[in-house]
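Here it is, the structure, as structure tokens.
Letters A, B and C mark the chains as written, and numbering starts fresh at 1 in each.
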Amino acid sequence: MSKEKTPRILKIGILRFDPHDPEDVPHMETFEIEESDGMTLYIVLNEIREHHDNSLKFDFVCRAGICGSCSMLVNGRPTLACRTLTSKLDENITLAPLPLFELIGDLSIYTGKWMRNLNEHLETWIHDKENELEVDKLEEKMEPELADEIYELDRCVECGCCVAGCGTIQMRPEFVGAVGLNKIARYHLDPRDKRTNAEYYELIGDEDGVFGCMTLLGCEDVCPKDLPLQSKIAYLRRMMIKTSMKNN
Amino acid sequence: MKVIYTDVLIIGGGLAGLRVATGVKERGHDAVVLTLVPPKRSHSSAAQGGMQASLANSHMGEGDNEDVHFSDTIKGSDWGADQEVARMFTHCAPKAIRELAHWGVPWSRVQRGDRKAIINAESVTITEKDEAHGLITARDFGGTKKWRTCYTSDGTGHSMLYAMDNKAHEDKIDIHERLEAISLIHEKGRCYGAVARNLMNGELVAYVSKATTIATGGYGRIYSVSTNAIICQGMGQALALESGVATLGNMEAIQFHPTAIVPVGILTTEGCRGDGGLLLDKDGYRFMPDYEPDKKELASRDVVSRRMTEHMRKGKGVKSKYGDHLWLDITILGREHIEKNLREVKEICENFLGIDPAVDWIPVRPTQHYSMGGIRTKYTGESQTLKGLYSCGEAACWDMHGFNRLGGNSVSETVVAGMLVAEYISDFLDSSDSNLEIHTSKIESFVKKEQDKLDALLSKENGEDAYILRRRMEEIMMDKVGIFRNETDLKEAVDELQELLKRSKNIEVFRSKSRAANPALVNAYRTQRMIKVALTCALGAYLRKESRGAHSREDFPKRDDENWLKRTITSWPDENQTMPSVSYEEINISTMEMPPGFRGYGKDLTKHHPMTKVRQDSVDAVVEKLKAEGKDRFEIQDALMPFMDKLPKKYRGINARLGENI
Amino acid sequence: MKQKKIDKTPARLDFTQSVTGLILAIFISAHILFESSILISNEAMYKVTIMFEGYYFFGETYPGIITFFAAAISVIFVVHAAIAVRKFPNNYKQHKVMREHVLRMKHEDTSLWIIQITTGFIMFFIGSVHLYIMMAEPSNIGPFASSFRVVHEHMGPLYFLLLLSVVSHAFIGLYRLAMKWGFMEGKNTKVSRARFKFLMKTMIVIYIIVGSLSLAQYTYIGLTHDFSEVKKYKSKIIDLRAH
């Protein structure tokens, strides 16, 4: 007979704050939870909410590591909580909301607004005034590898981990961050987007753009989708330098 | 009181909602989109497998067209679908996918020349045509004659939703995030918008609009284990239900997906089996060919789910402390294929199971997945009973899925319905019918009513704990309204749910009393609504004494066209009712292009309707005659069941394919 | 198509920062190796010195060449520092945010950047002093003269600190350059990055060892040599005419 191991008691420290409560100040609160098999932070947090404190605020949507809603600092590092197994962590776990984003309460942050501003600013959509859409005609062809490459960058889930993991943007919030640069790299790669290099330069050819990046690579190391951020930022940097040299 | 006026209010920022928004905007109308979460986090993003559209680019899709897609869809629905709607859908799906390609979805492409694929556990070589190189490719999915499911690696929904949301940015559509619609504003059978609650600061806002669209997705979360996102709680269906006027259709039609991982219920896409993955039992034995020698693992979802359950009931399941399960084996596809085309699956296996699917088998079992039922609409997407209220996407029962939807037909529905409904709404807005004729005091009374309800929840004492009620409801649905259903269980389910409903009127929000962001309050009012939705589902299932598609009664194993070729319609006319009102909508055989037949799984147990034969004969006669006259497939189709005139003019064009209409 | 007018300054600054950094790093790697010739023998170090003074080209030495080199490096140094200083946290708030971030994240590359900032800051002072001396007294370089400076003019500790700073700064800088521009990026960027990182760490260790040994040797000479007799090293083979 195999011995049943007694489950660990996890001590979950959560940085709590309700900005709508004038009397509240940011403070740590610790909950003790008995660990179970295959337990993720999604299960932990719901258990806390259901059995310990029903006012605890956090965001999950897909709970499958797909939608990017549940990013938070787990022991100081930004990551997706729903797919973080407790078995991979120490029994003392601290959770805090991602910095920089507007706080809704406890672990819940308003990434949506931030990302929307970013997308609007960088105009992250296909710019094509030349080709009218004709829904009855065959679609435009695209090299299979190119389609794969575009998708590779399109996989970003706007979770904001790279933003929270980037020292540069912490100091200088005007910086577009890896998420923004990656989006530009994605559209630059896409032949359907007819923007010129000079137009891209206008968007990211300054200290708030690619030249602001100090290559700290926090972004690359925390991105839950393993996007090739370092490589793409380097690519954009080369391209922007070339553009600046060609353009008179 | 904060009031926001707009032409079109769209509740839901998933694929369906966003497509309506861009559509009406293009026609020059204002739109506001309300959503619980940033649109890009809507559940549409979780669709991994693909979108069906009969492009026929890839070798295995050659010969595909609207007709084949239509026939697959109708068979899949077990003849429960509205055939005109299904025709409109299959006609427009290629247009929708091409539109999305134009807006930035990369779509995986055809690579000319030879490639290896796994079909029926054997490696075969497929040769793609030169002229197809670079066009959108497709994979195999359950229940389809041709390889028709177009995809972007395994992030189809994600790439579609991102393209749609970016398009919405381009079109400068107002998107109000974390705003939850909690009741419809309506008067004299006409809908004028909705009251919404800001989930960040608790403020109630009245959105007053000429047309209102519910595109809030499904209601999977009334079950305790579901592949759905946790926000798929059926709040859109509840909105319609609580209006007392709008109706719901076929709420008992619930799809179970064969392969969700155990225990958490996260989906591994049908693409796993489509690409050649196998189902194995505790002995590592491939059992599906014994049950379905023809389609095997790729039979329709409802069929595979039932076969798996049957097989586990025979004691062939793998025992685990979370109950029995079976294995999904994709190791035969090879690491390279998995890492390229099934990467999301790989990530899920690594992160939630700690296994490597290129080496290990995946523990799976059938799990609640899709809601065929929803807000009953006309083909225009408008509610049959509440004017000015529209619905589309998974939230609606537009009814192209009947009692079982095919994999890949759902994201396809969202964008097709979205683009069509946007046109019908715009037509409505362009007519004088759409004038706003509601008094402010009426709007105020709707807001006040919601405010009072919230206050009551917060001030109640010695009440019920919402979590307890909700967990119980979820269990009942899981245990008694599951894959196989029977009279006893369903009766118990209905009774107990009714009891829960009564208790839910007495819910108290313990401790957490904030009026702003307050998850306990949210859970309280949603639980009340979810129980109502669960009741419509359980009651519909209890009353339907036949088996059709995903609705499978052990005590009535036959499909009964004579008595049950009809849709269950539920509504809640009086707030104080503790059970929904039920009526039925006949499905007319005499206008069908494809009269009811045998789906081709197991034995044909159907109790046919006398009308079926009559209609079949007349269809056959027409086809034969027109064929002899040398008419083409469009003319023949038109003679059988004309639908073109129902489509907006801009979408009537004939689709080009390689070798057809280029 | 009409080209838009774009502001090129940010591109130029970024590029210049990297180019100056690269030149300085190459210079420093060579510099420390030349210095370490003292480990072979006094004669070797002497030969290297006079080589830089032009002996092998002109048959006599011109310390002015050293002045020129030092001046050129100084200019590059100043340009580099001036551009790089933009990246420093420029107020207390930024400093604090960054500090918290670093402590929280415990992320290697971010911490490396902090090392770069700190060492850059240190070099700002010590490096300037060093460069100034080299420009001012170019002829006082050689086995004995340098040793004298190390021991009796108390430059030793300063040089050691400078060594640590400059070596770590330079190789972290080179690693960062590779990442920043995607230099020699492999198909799998994670692997190529890991390789570069390993290379960086190895080079730092090697250079610090070599540099420290040279410094120790200068100190040894400085302590044992009798400077009252011979201030300047005289080669036994090469006879320089006095100037």
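Definition applied: contacts are C-beta pairs under 8 Å (C-beta built on N, C-alpha and C of every residue); 3 or more make two chains touch, one makes a residue touch a chain.
None of these values were measured; they are calculated from a predicted model.
Greatest centre-to-centre distance from chain C is found for B, with centres as Cα means. Averaging the CA coordinates per chain and comparing them to the mean over all protein CA atoms picks out A as nearest. Annotation: 28 Å between the Cα-based centres of chain A and chain B. Note on chain placement: the centre of chain A and the centre of chain C lie 38 Å apart, centres being C-alpha means.
Chain C has its Cα centroid 65 Å from the Cα centroid of chain B.
Those residues of chain A that touch chain C in the shared complex are 73, 76-77, 99, 165, 167, 170-172, 196, 198-199, 201-202, 205-207, 209, 211, 213-218, 221-222, 228, 230-231, 233-235, 237-238, 240-241, 243-245, 247-248. In the complex of the two chains, the chain B residues touching chain A come out as 37-38, 40-43, 45-46, 55, 94-99, 101-104, 106-111, 133-137, 152-153, 155, 158-159, 162, 166-167, 169-170, 175, 177-178, 200-202, 229-231, 263-264, 266-267, 321, 340, 344, 347-348, 351-354, 467, 509-512, 514, 516-520, 523, 651, 653-658, 662.
Taken in their complex, chain A has these residues touching chain B: 18, 20-21, 37-38, 40, 49-50, 53-57, 59-69, 83, 85, 87, 104-105, 108, 110-113, 115-116, 119-120, 123-126, 128, 131, 133-144, 147-148, 150-151, 154-155, 157-158, 190, 192-193.
Across the interface of their complex, chain A is touched by residues 1, 3-8, 10-15, 86-87, 89, 94, 97-98, 101-107, 109-110, 113, 176, 179-182, 185, 189, 193 of chain C.
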